[in-house]
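Across the two complexes that follow, chain A remains constant while its partner is chain B and subsequently chain C.
What follows is the complex of A and B.
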């Protein structure tokens, strides 16, 4: 009954409920607000020094955000493309090496299990990044195929570098050739005796990049960017600032703006891609993928029950978690994310509505806002209009070559 | 001679729950308890100075919070304390910890299987979905599907609606869950033997079935549908041991004028013209009342306390064949100091939860094989806890009370009655297993209470020592519990009711049978309860 020392050491995890990310030694001294919280069991910050100012770093200079806790799977082998084509709703055979797909995957009933980004690193080498964990689902999908699937969340550190000067920062840091990256394109660059993968992607709707390195090279990558960013207004930011930017960009968050199929306790809470604004991802020409027949049947039979919309709301009080009404009376949905947008100068929200409200019936929508003001609720009924997402569309996001600010 | 409105035979938790509701509704109730203390299988007794044992039941989750509230149990001293996780010790010197913290739990599972670690969420969701369906049924009288009375029809409609809300996939999942073995069920989610052993525990506890027996998946569900303060599936300690539950129930009952007579063993239910009119005590005294309620199990009630000739043949036949197979024993141990388990890292919180030594389902099933052969398990399954790691009221500082629930343990040893020598040998297998994982364990033992089915039957009155007053198999649930046609707490004898765990929804210190029985008795008496809340919304 003696256990080998490695196994014994692995037992010790229980002493640390929230694990530090590979960037923690650099980030911790910066986090003046000490507003730590847990993301997938790792220690991350709500804000670093002032979430308002951090937001403006995203929109005016450059922001560095630690995305290491994002769940990452590596899918490799001759059948990797076939496996992912069966898993996801988009056509992976059309995804070239060096490209990134925003995608989603469904259970057999066509209900969304998660959304995420798929990086094609090689002909038979992919990385899938997402919010929730799916190892059993992925392994089941891969059954009978020549493919290896591994969770690599801990081994790979990730940073999001976002904002108008993000290209200037990378350029200054010496990543030659990064100017050639178009949106959703990735490339490998030399770093610290190894490689860093840089993609022109992000969650802000702004010019921006995401960088992935082995956890052992995390600190040297941080230092390289930090030094390069000194004259370009680079700031570390927390999730709250990022969240504002992502709402402006109209992006949705799994288990924030929709409930994933594997976590829903109540049968009516699950959603098909068409019910969370992801219908454009579904490639119906693809012969087979998980949930295909259910999605097609729902479209044909008109049984889609919900729709996810962007709302613009009168006045300036954010309508977080507010109920949406039609004609001031009938309850038709719920707001899952809402802010006053500093860049659009509009009061915006993402909402899930019951069809036909939000799909066919767009007028006479109202939002019930309870604003707690000095121990008294100000109850308001405000007019809401369905508008296009993104709420903020920035030319610099997709400009080629990227601008320096 | 005192005349009462209601006689309650037995002061177990369900008897005291029913008595509490009836007394509060305005009936004059007397509880007749054969022991010199109340509590039935929810007692805390001081058998050695300074130590309180949870003599039978030892953890709390199923006891309905609505009852705690209706009967004001917190005001009468009841506190339930949550605890954090537990551990399964493995033969290779490792252990699998379980934690309330989701990520710690996942990381711990990942040490044994990365796949299982991520499969746990789906498993947990599926079990919770089933609990959400079944939990509201606990606090409702099961409908009689063949009575065609409006009440039963409306209750059937309620059930049908709930089924209707489920959807085909959920309903298929439910039917499978209610009929599968826990081993087959877990195989659909997990690959690690020790993870499966850890999760199968709730499927076998208190049941004369092995992990590979069909029906054990439902037993798991039964253990998951409780809660501590809204946290569904969580278990906790009653502060002061499980006797704190019945102590509070008794105090609540007495505070509204109820009478409890201990040392009053009921010998017979007295009937006149087919109606129960009172009871005869073992000492020859008689107590009369308009209604008699039995908290004893269905066999003890109808085969011992009632004359068989007063009952229909078919009913007696059914009662005789109601499965009440004892499968477990219990060791309550007073310890001079906290035992050490070298496999656990220093300061592990797992010591405060439930600990086990059975690290795969094969061993669990072999333990059951011994039971089938009429022997106690040579390699028993133990559900071991040290409540004094969290509860300062049960032992002096630095000393500890350890509760060991042990399976399997047959009601008879190879067809003959238990002897004291058998009992001691049974205890030795348990102490020896613990000692394998805890050096010096024996030296810490100051006092020990050993309970085989023989002691459980003789003292608590549980036939064959079955802790649920009857197996929780699907043939004995809902409108089939305990006897088809008599699942609504009434009996073939007018004025005689049963309210123990033999009735819907079964055992586990839930209190729901007692509460539901009180509702039916009050309905017959054309009275209304002072306060009887509907089941809380689930989650």
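What follows is the complex of A and C.
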């Protein structure tokens, strides 16, 4: 095989086990904890200086989180909308230019392949962001359609700017017009001789924004925000703090709170949207889409097996990975994420239960918590109640215009 | 005029389905792209005064259930049984008489007995497998009581023959034809014939795993009341197609030729009509597609109307043909070496040995044609003089000629034709000089002329991964498809290829039974 120059240049890629993100030169000196880990092949931090304080940056001031490793696809062409309508469970024809949709996509059997956000940049121009890689599936979905699909994960750097003062930071940084952005809206702004796409979206349930720039303009964007954030309590944060905020907001993480259909090895691990709390996304009135008939059949035949719920648990010990019981003995599910919520002042969790527990039978639920205390387990059986998600609902998240705290 | 069902494709399977549905009182419209119905069953005048079967030429599996169900009048084409002769350049031909060699000329007594034992075993096994051919594919994990009863019956029949036979079916089912032949036979010419018959129309060599299945499949067919029987239809295969068309028309179906379907109309997972090339739109609640499944799902159904997994699976169907069809107009009857005059009316096979078939197959793996191909020859005008005004017609299936020839068929075809004619000349000296016209259809030609993607004999390889509940693909097996209201009925569906009518019959019966998935 002869290699073209681009492939030849890439040949040494494996020597860098985890790729630095475009923001690495700025982030690395800040990461006092050195708690690096790999996210989709890139090097990112669990925490930057103190997980606790980073969490409070999200909720009290502003936090900057590197989302560059998020998988990004660009979908363009006359049939882009048709293709995405075939792919996803929501109606893309209803999504206006400049809007962002939280969405999900399934295989033919109606099992969720991933969830993610779909940005409509133009009538025939979309960006799809998600956790897992899907290029072969996307290309096969585009078969016979006039549409081009390419992965742009490496070309595009991303930052999440979240927290009460995030609007003030953007405003201070000179992004005029950003005040007009309503939740799930996006616009392009001038930056460094090019453009930055800013959307009022995020994974924290707080007032916040996500910014996408060509990787070459990543550092100048970081500097611009960092400088503007000096007097607004802007802090760089790692994933652990973000994770707490997202649990409070009730968001789920692919391959954290559910197993995606392509990665599941065991037949009973796959999930339909209705089994992971995403039934509200499924638009059965729109045109045909992957999984439609299977989802409809499962609803009609009552064959949905699982349900994802929010739990509130007595006392204050986080119930991470705890088993859920009915009536103190019957095993009915598992907790996939749990924290003591500083903002809600409640002990909260996201759990996957076997129907009818969690769907019809809501009482008499218990969780078994094993708290490791200095090499000894404290075993507790705690009462759990099914509660609404989000656990934390903040008015500032959707206030218009956004407040300048 | 409105219709209950629209059938796409007027091959013999589409016609069978049309007749079956119409007989049950459904209003049926059949749309055929070509100017005549029949698809792979046709008679063509390939040179002035010379007519022959355009593609399929031998009847060996036309199913008696189909004949009965649609009231097919076979009197117009039925002919007498023909023998199979294994040609040799140097010695007398071996001739298998009766249905697949009830008796055999040209081998010693011991070898004849060995062949008889093998034949008996294979026919018994094929008889069991035939039960699976005559009903819809079993469903995985969704077995009905009726299914269970049928499988149990097959099991009982097996047991009644003794445990040893039951074990032997399971032992042999996925073996290759070479190993089985070696087990029973010593004469390499006989082995060559079995190898040829097992692999004809498949992308397999005799030593490829599972190649015995091709032979089993052949023997599940019957003709003139005998398993393994065969004859050349009078008037060519077009006469067979004509009889099918008459059965469909008599049952009340409307047939429209020269009406290629461009698109299957669907909405929210429900098929409801078709659009023709000329823009005409026809609606019906049942659409039955009796054409290649890839055409159905990749060209007629809008991608937005199907799901990604299904169209991905359809794209993976292996359907590249390996058989070329040769039609020759000869100014006189050729004389094949070592063959009696009467036996010239038989099926003449050039396959010297097991190795001959294997080495003929090898190049096709690499996109090359066989430099020394194997073939099946008939002289249709000998039995039916009306097919040639003067001289003689020769119709042959030549293996292996891969669909995707690496050098391309434009330059490859003339060279391959030379090779084929040379091969014939060696067995029938003087044949070349008597050729007035030669037509060679490569799988690529067959694809274009007969609208069969890949030019494949069976609209998709007949190998275990593409059989039963995986034919053509799992999600569309058993005739229903994920697109509600759309059904499949071509050779690409269970039980598979050849002029049998079974896919058409089983699909129509499935629809009449409610057509649920």
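Rule of thumb we're sticking to: the second predicted complex is superposed on the first by the 397 of 405 C-alpha atoms of A that agree within 3 Å, B and C clash if a C-alpha of one lies under 4 Å from a C-alpha of the other, contacts with A are read in each partner's own complex, and residues count from 1 in each chain.
The rule we apply is simple: contacts are C-beta pairs under 8 Å (C-beta built on N, C-alpha and C of every residue); 3 or more make two chains touch, one makes a residue touch a chain.
All values reported here derive from a predicted model rather than from experimental measurement.
K.L.:
Is A:250 in contact with chain B, with chain C, with both, or with neither (first, second, both, neither)?
P.N.:
neither
K.L.:
Look at A:233 in the shared chain and tell me whether it touches chain B only, chain C only, both, or neither; answer first, second, both or neither.
P.N.:
neither
K.L.:
Counting only touches as set out at the top, which of chain B and chain C does A:208 meet: first, second, both, neither?
P.N.:
So A:208 meets neither chain B nor chain C here.
K.L.:
Please indicate which partner A:287 is in contact with in the superposed arrangement: first for chain B, second for chain C, both, or neither.
P.N.:
second
K.L.:
In the superposed arrangement, does A:134 touch chain B (first), chain C (second), both or neither?
P.N.:
Only chain B is touched by A:134; chain C is not.
K.L.:
Please tell me which partner, chain B or chain C, touches more residues of chain A.
P.N.:
B
K.L.:
After lining up the shared chain so the two structures overlap, which partner does A:85 touch, if you call chain B first and chain C second: first, second, both or neither?
P.N.:
The second partner, chain C, only.
K.L.:
Taking the superposition as given, does A:12 touch the first partner, chain B, the second, chain C, both, or neither?
P.N.:
First partner only.
K.L.:
On chain A, which stretch or stretches are contacted by chain B in one complex as well as by chain C in the other?
P.N.:
109
K.L.:
Going by the contact rule set out above, which residues of chain A touch chain B in the complex?
P.N.:
Going by the criterion above, the answer is residues 1-3, 7, 10-15, 17-18, 38, 40-41, 109, 133-136, 139, 151, 262-267.
K.L.:
Sort out for me which residues of chain B touch chain A in the complex.
P.N.:
Answer in residue numbers: 91-95, 97, 99, 101-104, 106-108, 111, 114-115, 117-119, 121-122, 125, 128-129, 132, 165-167, 169-170, 189, 343, 345, 348-349, 539.
K.L.:
Over in the complex, which chain A residues touch chain C? Could you list them?
P.N.:
Residues of chain A touching chain C: 82-83, 85-87, 107-109, 137, 140-141, 143-145, 287-293.
K.L.:
In the complex formed with chain A, which residues of chain C make contact?
P.N.:
Within the complex, chain C touches chain A at residues 266-269, 298, 302-312, 315, 475, 482, 484.
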